[in-house]
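All chains are identified by letter, namely A, B, C and D, in their written order; residue positions are counted from 1 within each chain.
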Amino acid sequence: MSSQKISKIHVDEGEDFSTPNVFGRRVETTVRYSTDPREIGWVRENVPCQTACPADTNIPAYIRMIVENRYGRSYELNRIANVLPGVLGRICSRPCEPVCRHGWPGNGEPVNICHLKRAAADLKTEGHRISEDLYSPSGKTVAIIGGGPAGLAGAHDLSLLGHAVTIYERETRAGGMLRYGIPEFRLPRDILDVEVHNTTRMGVTLKTGVTVGNNDSDIKLSEICEQFDSVLLTTGCMAAIALPLRDLEHDRDIVLDLPNAEYGLDFLLALHRGETKTVGKRVAVIGAGFTALDCARVAKRLGAEDVTIHLRTTEKYIPVMEEEILEAKREGVSIRGLRTPVELITDEHGNGTGVRFVQNRLGAWRANGRREAIPIEGSEFIEPFDTILVAIGQKTVNDYIDVAVELDRWGNVKIDDNGMTSAKGLFAAGDFVSGASTVIQAVGLGRDISLRVDEWLMGRQRRRKVVRIEAVDEPLRERRFDFIPRQHMATASVSDRFDDMTTEVEMGFDKDTALEEAKRCYLCYLNYEIDIDNCIYCRACIDVAPRDCIKLVKDVAIQPDGTYGSLEETKVWDQVGAIWIDNRECIRCGACYQVCPTHCISISRKEIMYQDI
Amino acid sequence: MHHVIIGNGVAGSHAASVLRERDPGSQITIISAGALLFYNRYDLPDLFRGRCDWVDYLVYPPAFYEENKIKLRRKSLVTEVDTNKRTLTLAHREVVTYDQLLVATGGVAYVPERLLDSIPLMHGFNNFRVAMAMREALPDGGVVIMLGGDALGLDLARTLIETNYKVVVVAGDRTFWPHELTQETRSSYLQALEKMHLDVVDGKQVDRVEQSNGTGPARRVVFDDGSDLTGDVVLPFYGLAPSVDFMSHAGIDIERGVLVNPQLQTTRDDIWAAGDVCQIWSPEHNTYRFYYGWKNVKTMGDVAARNMTGDDVTFTTAVDEILQLKPDGTIYSPFWEYD
Amino acid sequence: MTSIHTDVQIGICGSAGDGTIAVGDILKRAMARAGYRVIAFDEYPAEIRGFGKCVARTRITTEQVYSMKPKTDVLVSLNDAHAIPHAEEVRDFGAVIYDSAPITMIDEGWHISGHLNPGQLPYGLPMREISEQATGSSRSRNIVALGFVAGLYQLPRQAFIDAIAAKFQTKAAEVTQSNVAAFNAGYDNGAEIYRFDKVEVGPPARRTRVHDSTMMTGNAAVVRGCLDAGIETFFGYPITPATSIMERLAVEMPKHGARLLQTEDEISAISATVGAGFAGARAATATSGPGFALMSEMMGLGVMAEVPAVVFVSQRGGPSTGMPTKTEQADLNIAVFGGHGDAKRIVLAPTNVEGCWRCAGRAFEMAEAYQTPVVVLLDLYLSNRYETVVFPNKNPFVRDAWKRPTQDNANEPYRRFELTADGISPRAVPGDPHGIHTATGLEHNEFGRPNDLSAMHFQMTEKRHEKLNAALKHPGITIYKRFGDTGEVDVGLLAWGSTFGETLEAMLLARAEGIRCAAMKVVMLSPLPVKPIKRFLKDCKEVIVPELNYEGQFANLVSGAVGRDVIRFNRVTGKPMAVNEILDTIRSAAGKRKLRKSAA
Amino acid sequence: MSPEHPIYLEDKLEEIRGSGRLGYRSKSLPTWCPGCGYYSMTEGVTWALNEIGLRNEDVVIVSGIGCASRFPFFMETYGFHTLHGRTLPVATGIKVANDKLTVVVVGGDGDGFAIGGGHIPHVARRNVDITYLLFDNGIYGLTKGQVSPTSAIGFTTSTSPFENHDQPLNPLMMLLSYGASWVGQAYAGQPGHLAEMIRAAIKHRGFSYLHILSPCVTFDKTDRTYRNLDFSVRNLPEDHDHSNRLAAIREATKVDRPAVGLYYVENRPTLSDTLDEVMIRAGGKPAEQAGAG
C-alpha cells in the first residue's frame, strides 16, 4: 500500500451525484497500450485459444462480438489475423479448441470456436463493410510464388502495407490446397472464391497458370528475383510422402506402379482439377490425417461400398478433429487401428489385391504428442482391397529454385529468423518452410512473413506488437453462461450427402445457436485484477470463486517470457502478500467483481494488436 | 407507680429495698449526687487501717440493684422539684417524673460561717472520695487538727490514734454533737478524750486556717487570740446541715430540715422524707426534731417506705442518744453503731 | 508500683459530626506514640452526617492483641442518645464519661447517667462549658472529653499533644492550639478527679524501637503493603469499607511515581487492573461485596488469561447493599468460588493488621509468580480497625520475580501458556519483542490461540489449577498457624480472617479456665492448606469454626476438604465476633465432651 | 487498478514485503466472514502501524466480545482479548501501566454501545491516549444476527421479528458530547480512506474515536449493505471546521447521509499527562513506567 492513500470512490458532495453503474462505482473508460513483455506474456498465458492459434486470432474478441450481435465486426476481427475466416471456419484444424479453458478439467467442453468463426462469416450482413488499414504506396514490389493460404495471407498484408504484390500461381485458380486438396462438401467453393478475392482486392496482381521453375516452366525464379524488390516463396507441400515399402528390386515406388493404388494427395488434386476418378468396391486408405479422411469420404461418394482407414495407432491419437472422424464414420467409413502395412499384395496382373499388415501395440508417447506403435512379431495378416489410397503425409518440392540458397539437412530451404533465405530479398513461408501442416498455420505464417518482408523492404520496423488494455466496467458474462452445453452443428443427412460431391455436410449455426455458443466463451482476454492497494484481504472473492482461481499469494516466479510461473500460495497470514486472481484458472464469471466490498477488483480487456511505430 | 428516692444513703437505700419488697411492680429510682453505690460511711475510718478499696465498703453488691430492679442514678444532682407537675430537674437538665418522692438527701458537714473562706484548706471526711483525699494528705504519724469534734469526728479520731496519728481536737460548742451535754459532762468527756490520747484545745475560737510556711506541717490554724496550731490536715467536724437547698421552691414546709409528721410525710401527700434531712414531729417533745444514727435513719427509711406503700406506721427512735463514758475512761457513742 | 499489664479498652460514642472518630484517632495514635500496642475499631454510619452513630473503640495493651475485649473499660459519650445502647458494653467498675452540662433540656430517659449499671462509674463532665472556656467554642467537646480521659488515667500528655498536632497539621496553627487548649482543659479536669473505677493503665512495655511501631488500620496496612511491594497502578471505585484504601493510595502513590485512577465503576476498576497486569504493572483494585460481585466475570478472565491482578475485598454485611457499615464474613464463597467456570484463584485472608500488610505485599508476588488474580479478603472490622504494627527494617517484598521467557529458543514461536511441570509458563509483557502474544478469555493452546479441543481444555484447566499449589509454599508468609495447647486437645478452634483475633482471645480464656484447647488460623483459603488442617483436626476432639456468616462458609469449605463435620458457630449481627460467645461455645463443647466421657 | 496504473503482481509483492506491513500480521489467517469490514480495519491498522513505524512489541490491541474479538489474533502485536464491553477499561489499565505502549481498542456496536456503553464517556473525558476503532454494522454478528443499539428502526432480526422499534443511537454525537478529543468516521468500503483515518487516530495524542461504518455481510442483506452504503456515504464538506464541536455535531446529525472524515479534533492533556501532573503535585516524580522492565 503506498503511503498516500487515495480512495478509489469519489462520491460527489450533495444530492447531485451522477449515476454510478450497477455496482455503485464509477470507472474511467481509458485505454492503454503496453509493450511490456509481461503484458504480452499475460495474453499468451491467459488466452490459450489465441496462443494456440498460429494466426494469433483474437478469439475472445470475435466471440464477444457475436454475443453483441455484431457479426460483421466479429468477421473483421477474424480477418485481422486470418484473411480467410469463412474458409477456416469450416476446415480449420482448430488448435484452439483443445486448449480452450472451457475444456479444462472440470469446466466442461471447449467452446466451439471454429464454428463461431464460421457463424461470423455466414451470418454477417450481406455486403458488410470490410475494414482495411491501408498504407500509402511504398513503391516496392513483391513477388509471391504460390497462391495458397500462406501466399494469399502474405499478399494481402503486403499489399495493405503499400507494396505492389504479384502472385505467381501454377494452377488456374488461386487457393492452393484449399481449392485443390479439400473436397467441396467440406469447403464450398463460392465461400473460397469470395475470400480469395478479398485478399487480392487491394492491388494484388494474380498471375495464374504460370509455372515457376527450371526446365519447362514459364518463368524462372531467378528472373522473378531480378524483377522484384523481394520474393516470397509459399509453394507449400505439394508432394506426397512415399510409402516406405519400395520395390527394392526395381527401386520403384510400389504405389505408383500399381494401377489400383494411388497417393491420396494426387487423388484429390486430380479430382479437383476436374479429372474423373473412380474407385473399387473395397477402398483402403492408409494414413491418419485430413487427407486420409477426405480420401475416404470422397471414395464413399464415388461409390465405394467398403471404405476403411488403416492407422498405425488408433483413432484417438490422430491429428484430426473428432467431429471429422465422426462424420466419416457416419458416412460408412470404418477405421482400423494398430496396423502397419508391410506389403502390398499384387496378383499376377500386377494389380493390387490387398495389404499385408502387421498388428501393432501401443508404445510410449512420442515427443509430438502421439503414441508409438510397436509391431507385434508374427502377427501379420492380409486384407483384400480393390483400391488402395495412401495418405501418410506431404512434403515440399524445391527443385524449381534456381537461385543459390542454402538447404538444411532435410533438403528444405533454410531461412533465418526473419524468414529470409540465404539469398537477399528471397523469403519463404508457409508449409514450404514448416512442412505439411494446417491451413491456419499457413495463414499465420503468411501474415508473419509479410511484416518481415516489409521491414526488409522499408529498412525499418513499421509495426509492432502491443497489448491494448481497456478498462471494462462490467463482467460481460454471467455465471449461468458457464452451464450452457456446447452447441453442435447440424449436418446434412447421410443419405443426402452422396447425391453429389458438393453438398456441404456441416450446415452452420443459426443466430440463436451461435449466440448460445458464443456466450459460453469465458472471454479469457478479460483480465480480472485486484488492486492490492485497496484490497482488504477479506477473501469475499475467494468465497464466491467457482474454482481455485483466487489465491493467497506469497510470491511469484517470473518466467523469461514475461509470464508468471507458479504462484506460491500460503495460508500463513503474515506471508500473504496479496490476494491475486490467477487468470489462468479464472473463468471470468464476474462473481468476485460483484462481491468485492471495496471494489478493488477491476476488469480490463487485454488484446494483442499491431501498432504503427 | 414510680417511686423516686433522692439520696443513696442508709435511709434511701433501705427505703428502696422495702419499697421493692412491698411493691414489686413499681419503678424505683434512686437519685444520688455521689458516684458510688450505697456504702458504709461509718466504716470509712478503716481507711487508716489500710482498707482502701471502696468496693469493700459497699453495703450491697452492684447486682443487688439489678436483682431488685432498682435504678440507681449517680452523680445526679437534683436542682429543682416541681411538686405540681411531680417532676424533678437534674443538674444536667434532665427532667424526671415521679409519682411518689422520698427525700433522703441527708446532710453535709456544717462549717461555721466565719470559716467559709478556709474551706479549701480543710479536708472532709463525709464521703469516700474526700476521706481518701484526707488520708492521702496525711503523712504517716501526721497531725490531724479536728475542729469541733462531733461524734462522727471522734469516731475517726479514735481510729487515727489507734493507727499512730496525732489528733488535736479544737473543742467548742459542737463537740460531741449530736449528743446534747451539760457543762459538767462536757468537761469530763473532754478529759476522757485526752485519755484516749487526743490532744484537746478548748476555749479558743478558730479564726482561720492558713497554709503553713516552710517545711513543717501543711496547715496552720489561727485562733482569734492570735495563737496558732500547726497540723497536716484540718478537718471541720461541726455536725451536719440538712441538704435541702434544692427543695427551697418546692412548696413544702422546711425549717432547717424538711418538716414531716411521724409518718414521715411532708406537707405534700406524695412526698416523704427520711434520714438526716428531715425534722420529725415529736408529739413527745411537741416540736420537730432531728434523729441521727444508722439505726434511726434506717428505721426512717423503713417507715417512709411502708407509708408510701399504704401502711400507716409512725417513727419512733431506736437509738439511745446518751454519750457513754466507759469504765476505762474512754467514751462511746451509740451513733457509732451500725448493723 | 508493680508493673501493670495494661489492657484497656476505651469506647467513644457520638453522633456523626461530633468528632467521635477523630478523637478516637487521636487517642490511638497518641497511645501508639507512647509505646502501647493498640487495636481499634470504629463503627460509623452509612449516613453522610447528622444523626448517624459513631463508635470509636480502642484497646490499649502492653503486647499486641488482635481482638476487642468483650467489655469496654471506658465509654465516653459525646451523644447520649447514641451512647445509651452502648452503656451496657462497659464492664463493672468501668467508667462512663458524659457531658454533665448539656445546653438544652433532656427528655426523661435520654441522659446516659440514667442507663448505667450500678457497677459502672459515671463521670459527668461539663464538656461544652470547658470547651467554651478553653477555646471560646463548644466545638472541642470531643477533645475536652479526650483530655479528660487522658487526665483521668494519667496518660502521657505530650503524646496526645503530638498526636493532636499531627492530626491538625494540615490546618491552621490556631486549630492545633485551640485543640491542645481544649485537651489540656479536659486533662486538667480529669487529673483532678478521684477515680472510683477499676481501670488501670500501666506504663508501656519497654521496647527498644518504639518508633518503629506504627499504628494503622487494616486498610492502611494494605496500602503500606501495596507501596512496599512497589504497586504501580491502582484502579478503584469508592465503596464502603474499602474506600480508604484508595483514598490513602491516592495520596501516597503519586509520591512514588505510581498511578491511581478512580474509575467509573467496579467493572472498569477490575478491567483496568487486569489490563495493567497484562501490561506488566503491579496493579490492584479494592472493593467490597457488591463491587466484587461485579468483578466476577473479569476475575475469570484473569484466571483464564493468566494475568496477575490483586483484588482487595473488604467484606460487609450482605447480600445486596446489605449493611454497608457493618462487618461480616459472608464473601468467602464468592472469593473462593465466585464466577463461572473452573476459575480457581488464590485467596488470602489476613487475620490482623500486620497480616493485611504482609498479605498485600505477598499478594503482588503471588499474582506475578503464579500469574493469576489474587484476592485479599478483609472485612470491615479488619479494614477499619487500628493496630500497632512493628515493621521490619528491611522491605521483605520481592519485585519482578516472575518466570520470563528465555532467549534460548528465540526462533521458536513463543509459548505464552507453555505446559510445564509446575504449570507456570514464562510470561512476557508488552514491550518485549520476544514475547508477542495475545491473551484471551477463550480456551487456548500453548501459544494462546483459541482451541477448544477436549484434551487441550483438560490440560489447560489442570495447569491453571495445579500451578497454584506452589503458592502453598510461597516464602515469607504464614498461611496457617496453630496456637494454644499442643498435642491432643478437647476443643480445637479453626478460624479465618478477622474472627481469628476473637477466637484466639477466647481460646486463651478457655485455657485459663483449664480447658485443653488450641486454635488454628488459616490465611490462605485457596488453595486450601488441606494437609495441615487435617493434621490439626486429628488432634481435636471437637472442632469449632466461628465465623460471621449464617451457614458457615469456611466450615463448609473445610468440611468438604477434610471430610469431617465441625461445630459451626455463626453470628450475623453486623458486629465483630464476641469473645465471650465463643468462650461459651468452647465451654459447652468441652462440657459435652466431658458428658460423653462420663456417659461412657 | 485502472489502466493508467498497471499492476504487476511481482512489483506489488515486492513493495508490500519491502514496506514491512506484513510484519504486523500474525500467522493466523483471519476467520471473519469473507467480505467483512473487519478485514478493512485489519489492513488499515497494519498499514497505519507500519506507516507510523511502531514496533510490534510496543503495540497492544485490545478486543472484547463480538466479531472484533478475534482481531488481536491476526496481528503480530501484543493482544488482549477481553470480555464483552470491557475493552476500554482494560485498555485504560494497559495505558496507565505503560505509557510507551500504543493501545488500540477494537470493538463493535454491541460491545461498545450496549454492554460497554457506560465506559465510553469516561475514557473520553479522561482523554486516555488510546485509539478506539468502533466497527458499526448495526447488528450482532457473532451471535448470528440480533438487533443492536445502532440498528435502524424497522430492521428485522431474529430478536426483533416484528421489526426493531427502538431508536438507534447516534454514536458520533455521543462521543462529540462526551468530549472526545478526536472523532472521525470512515467506511469499510473505502479502505484507503479508512487506513488514513486509522493512522491519524493512532497518531492523535489523546482519546481518538473512529466510527467505522460497515455492513454485516452475512446477517444483513437488506439494510446496511455495501451497496446501500456506497450510495449513502458522503465526504465531510471541504470547509468543515474540525475544531468546531458544534459544527461537528451538526454534521453528525445527518444520519441518512453519513459523512466520512475527521469531525473534531482538539489537543488537551491526556490522562497520562494528568496523572504525571498529580505526581508532581504530590511531590513525586513521574517515574519510568513499568512494563518490560
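Note that in this section a contact is a pair of C-beta atoms (placed from the backbone, for glycine too) under 8 Å apart; a residue touches a chain by one contact, two chains touch by 3 or more.
In this text, all values refer to a predicted model and were calculated from it rather than measured experimentally.
Trainee: Could you give the separation in Å between the centres of subunit A and subunit D, each centre being the mean of its C-alpha atoms?
Mentor: Centre separation, subunit A to subunit D: 58 Å.
Trainee: Need the CA-centroid distance for the pair subunit C / subunit D, whole Å please.
Mentor: Subunit C and subunit D have C-alpha centres separated by 44 Å.
Trainee: How many angstrom lie between the CA centroids of subunit B and subunit D, rounded to a whole number?
Mentor: 93
Trainee: Rounded to the nearest whole Å, what is the centre-to-centre distance of subunit A and subunit B, using the mean of the C-alpha atoms as each centre?
Mentor: Centre separation, subunit A to subunit B: 149 Å.
Trainee: Quick check: what residues of subunit D touch more than one other chain, meaning two or more?
Mentor: Touching at least two other chains: 26-28, 76.
Trainee: Can the chain contact pattern be summarised as a line, a ring, a star, a complete graph, or none of these (other)?
Mentor: Per interface graph, the chains form a line.
Trainee: Pull out all the chain pairs that touch, please.
Mentor: By the stated definition, chains touch in these pairs: A-D, B-C, C-D.
Trainee: For subunit B, which residues count as touching subunit C in their complex?
Mentor: For subunit B paired with subunit C, touching residues are 35-37, 54-55, 62-66, 71-76, 90-97, 128-129, 132-133.
Trainee: Help me check something: in the complex, which residues belonging to subunit C touch subunit B?
Mentor: Of all residues in subunit C, those touching subunit B are 92-93, 99-108, 110-111, 113-114, 116-119, 121-124, 194, 196, 198.
Trainee: Which residues of subunit C touch subunit D in the complex?
Mentor: 232-233, 235, 251, 254-261, 263-265, 267-269, 271-283, 297-298, 301, 305, 413, 429-433, 435-442, 449-450
Trainee: Help me check something: in the complex, which residues belonging to subunit D touch subunit C?
Mentor: For subunit D paired with subunit C, touching residues are 26-28, 55-62, 70, 72-73, 75-83, 86, 88-98, 100-101, 118-119, 121-122, 126, 271, 275, 278-279, 281-293.
Trainee: List the residues on subunit A that touch subunit D in their complex, please.
Mentor: 1-3, 5-9, 11, 13-14, 20, 23-25, 27-28, 30-32, 34, 36, 38-39, 469-471, 529-544, 552-556, 558, 564, 567, 571-578, 580, 595-600, 602, 604
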